[in-house]
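Next come the structures, one after another.
Both complexes below contain subunit A, partnered by subunit B and then by subunit C.
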Partner chain A sequence: MEELITVQGVSFRYHEDQPHVLRDVSLSVYKGEWLAIVGHNGSGKSTLAKLLNGLQLPEQGDVLVEGYNSRDEESIWEIRRRVGIVFQNPDNQFVGTSVRDDVAFGLENSGMARELMLERISESVLKVRMEDYLDQEPHRLSGGQKQRVAIAGIIALRPSIVILDEATSMLDPAGRKEVLQTMRKLKEEEGMTVISITHDLEEAAQADRLVVMNAGEVIDEGLPVEVFKKGDMLEQIGLDLPFPLQVQRALSEKGYDFSRLTLSQEELVNELWTLQLKV
Partner chain B sequence: MQNIIIGQYVPGQSFIHKLDPRAKLITAFLFVIIVFLANNWITYALLGAFTLLAIFVSRLPLRYIYNGLKPILLVIILTFLLHVFLTKEGPLLFDWGFLEIYEGGVKQGVFISLRLLFLIMITSLLTLTTTPIDITVGIETLLGPMKKVGLPVHEFALMMSIALRFIPTLLEETEKIMKAQSARGAQFSSGPIKERLKSIVPLLVPLFVSAFKRAEDLAMAMEARGYRGGEGRTSIRLLKWSGKDTTLFVILLLLCISLLLLRS
Partner chain C sequence: MDITIKGLEHSYSKGTPFERKALSNINLSIPSGTFQTIIGHTGSGKSTLIQHLNGLLKPTQGSIQIGDFKIQAGVKEKRLKALRKHVGIVFQYPEHQLFEETIEKDILFGPLNFGVPEEEAKKRAARLIQQVGLDESYLSRSPFDLSGGQMRRVAIAGVLAMKPSILILDEPTAGLDPRGRREIMDLFYRLHEEEGLTTILVTHSMEDAARFSDDILIMEKGGIALQGGPETIFSNPEALKKLSLDVPETVQFIHRLEERFTKNLPHSVFTLEAAVDAALSILQKGEENS
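What follows is the complex of A and B.
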């Protein structure tokens, strides 16, 4: 698998007299995967996102995006074009006075000709299903719609990686579903690489791969089913296990054995009704 | 909250609405200058005809124009009265001993009031028929050449458009904070002025804190999307100079020439 981002032994702190936010972090992001980075508040996961896009530079170690090192001043703009971030607050990242203006913002920054911009804009709003709202003002949109516009603004630049930095944490359940579905569709249809930074393990359970962070360090990495086997460890660092997993763990304490880990409600239901069959 | 219109813009499809904001800005600016050319009845009549025609063509309800005039009405009346009583020119019209009114005074008063009236009408016509963002874009393009002398035209325009973008957001937030503080017993709309001013403090402090937080977030989001100043930046907003705009300029030129010929 092609490696898009390489993080090598990165340490980072905001001020010299403050403790490190990231300590010797190394990880790789591969093309076309959905990588979830989970951790409690203050685990350094959002800081990591800023390093991946060159908004912050590592104190030690290197961040390489498709071969561009974020330390080179010239490659910063190449990196920012390749890595887009959807931030947490839907309002605070909406720059334009209308949906069209906002989607255009990144394109304008790259100095694109107007005709091409219009093409890219209609193409990307179609992908996030916001084509009917082009002239809408931001205060008339819901949180989920604003986040979808943010996604459109990013994919209009045709990046290789989209980072969702707690992008669904301020949304209601409907908005959350709408944003995640949009991203999943983009990943499947366009082969987009997605890094989702979250403390919602239910969301992370849907990922291809999981990186667990705590106190600025990567403490575990692997397939969601593998990582979730270490439920105690996840609970210890302050994360809430997905509900199906909680049910399963409570039942195993009572002596029921499950053949496999259940991460979704459907899997749990299937396990539960076949449990008695096996007995 | 859903229907706030920023600025005074009244949506419409009239000739004036469809003009290029640059044409409207330049016209309003030139009008402010040529208004001073008028100095007799016929030239004032011409200016009046131009103004009334513009209002008629804009198809705006007259109350919007009146609303624009309201704050300045007192000033107009005051200047009129000052001129009537203080200018002592021409034949005497009335003489009540302590009060003398001369014909020149009345004439001056009417002229100056009309001049103010026309100015306000034309400029409010500009803001009533152009969205704030179009005005911003218009100013940015018009002042474009000033970039070479180091005037931060792009930054100014960006600042304006971000301010316009965040006005509804901050209004919504103010409402939310007001409700939160009212729930804790704060009172915003009663008591003496001093108390009322004091009660604004618990409203302003959280509002400012959050505005700064928003600014920080926005700056980061802008940077993440590759913003690096105005250089090499293109724009999605396109201003189109059409035949309408040229027509407007021809009318303006004719007005200007007739004013020059007819003024005494």
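What follows is the complex of A and C.
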């Protein structure tokens, strides 16, 4: 697997007289994967995202994006072109007066020729299914639609990695579904690499790989089924287990043995079926 | 205080080309002490409705009776300030409204404005800071050095300091992590019980709606689409699906079990414990038969 991002022994704090927000963090992000980063409020997840595209620089250690080190001033734009971030609040990241202007913003800044720019705009709005809204003003859009426009603005720049920084946490359930479906499609059809910073453990359960952060450190990493085996640890650091897993754990305590971990309701009901046949 | 809403209609920018009807023909009665939940998609009229309950918005038709206060279309209610003492609103992201140098000053702001003597107000602040899960040492600190979740607790204490008898919560847990969410909801439910409050919760969380509500109101396009207790509302997943709303996970689980095992199970399953019991009942029946 091709390694797109390498984080090596990174420590970071916002001010010298404040405690470290990240401590000796190392991790890798591979091409084409959906990586979920979970942890409670204040665990350092969002700070890490800012270091991944050079919005903040490490105090110690290095962040490498496709070989570019964020410490090199000349690399910083190469890094930002490759790593796009969708932030939490849909209202804070709309800069244009229409959907078209908003998607054009990043392209204009990159000094792209008009012809190519128009092509990129129609291509990106089509991918997030916002092509019918090009002339709409931002305040007429729902939260989910605004976040899809933010995604269009990012993918127009053809990044290799999109970071969702709690990008669905201010949306209603329908908006959340919209945004996640859009990103899944981009991952599957375009081979986009996705890093999703989230509290939503149901969503994290569907990721290819999971990184758990607590108090500025990476405390676990692996396939969702492997990480969720450590349910006690996750609960201890303030995370909720997905509902099917909670049911399964309660039943295990009553003496029922499951052959595998169930992260979806469907899996759980199937396991219960098997158990019921055995007894 | 009982709340009675009759024929409420609200149009924004009435009489201009931009007129937009946000609420129409809302009839609703919320007896004192009720835990009332309001659910609906963005733009369904939830926020417009709750802003009528302390006179931030005035009806363009119909009336709202709260205790002996009456807000009526076209009639000026002169006692809005008195009404606002009784109705506390925790808005979305209330931490954005903190502004004082110290946490104590921020909590005191409301009561002092309403003429509560300083000493009495300070006593309230000392009690409230603990009630929201922080200790007294926080009172002298700046609210801006706190984490987002802690700031939200301080903002909530500021609303409670007015001793409202009706507490309106507009998505109070948005953006918090799961533990923060649970702690804040438990806090509100405890206050609801201990202080005998009337609580009106606007939420997207079907889990919270199922767990805490006496009554659930589902809004769509400025009107009431469904209303009833949690059992009634969630026993009809099809109606919810039509409104693009989900049922709580516990209820989904029960339906899946019923389908797979072709058995009837109790439908008012809104907690993890109850869901586990339902699963156990199926496994144990299996044992009896063998």
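Points worth noting:
Here is the rule we go by: the second predicted complex is superposed on the first by the 279 of 279 C-alpha atoms of A that agree within 3 Å, B and C clash if a C-alpha of one lies under 4 Å from a C-alpha of the other, contacts with A are read in each partner's own complex, and residues count from 1 in each chain.
Just so we're on the same page, contacts are C-beta pairs under 8 Å (C-beta built on N, C-alpha and C of every residue); 3 or more make two chains touch, one makes a residue touch a chain.
Model, not experiment: these values are computed from the prediction.
By the touch criterion defined above, A:264 reaches neither subunit B nor subunit C. Look at A:240: by the touch rule set out above, it reaches subunit C but stays clear of subunit B. In the superposed pair of complexes, A:199 makes contact with subunit C only, with no contact to subunit B.
When the shared chain is aligned, subunit C comes close enough to touch A:275, but subunit B does not.
When the two complexes are overlaid on their common chain A, residue A:28 makes contact with neither subunit B nor subunit C. Legend: residue contacts after superposition of the two complexes on their common chain; A:254 is shown touching subunit C, with no touch to subunit B. With both structures placed on the common chain, the touch criterion links A:84 to subunit B but leaves subunit C unconnected. Overlaid on A, the two complexes show subunit B and subunit C touching no common residue of subunit A.
Looking at the complex, you find that subunit B touches subunit A at residues 1-2, 4, 133, 161-162, 164-165, 168-169, 172, 213-214, 217-218, 220-228, 232-238. Partner subunit A is touched in their complex by these residues of subunit C: 41-43, 147-149, 174-180, 182, 204, 244-246, 249-250, 252-253, 256-257, 260-261, 272-273, 275-276, 279-280, 282-283, 286-287, 290. Interface of subunit A with subunit C (complex): residues 40-42, 88, 142-143, 166, 169-170, 172-175, 199, 201, 238-240, 243-244, 246-247, 250-251, 254, 256, 265-266, 268-269, 272-273, 275-277, 279.
Those residues of subunit A that touch subunit B in the shared complex are 50, 53, 55, 77, 80-81, 84-85, 87, 89, 91-97, 100-101, 104-114, 117-118, 121, 137-140, 153-154, 157.
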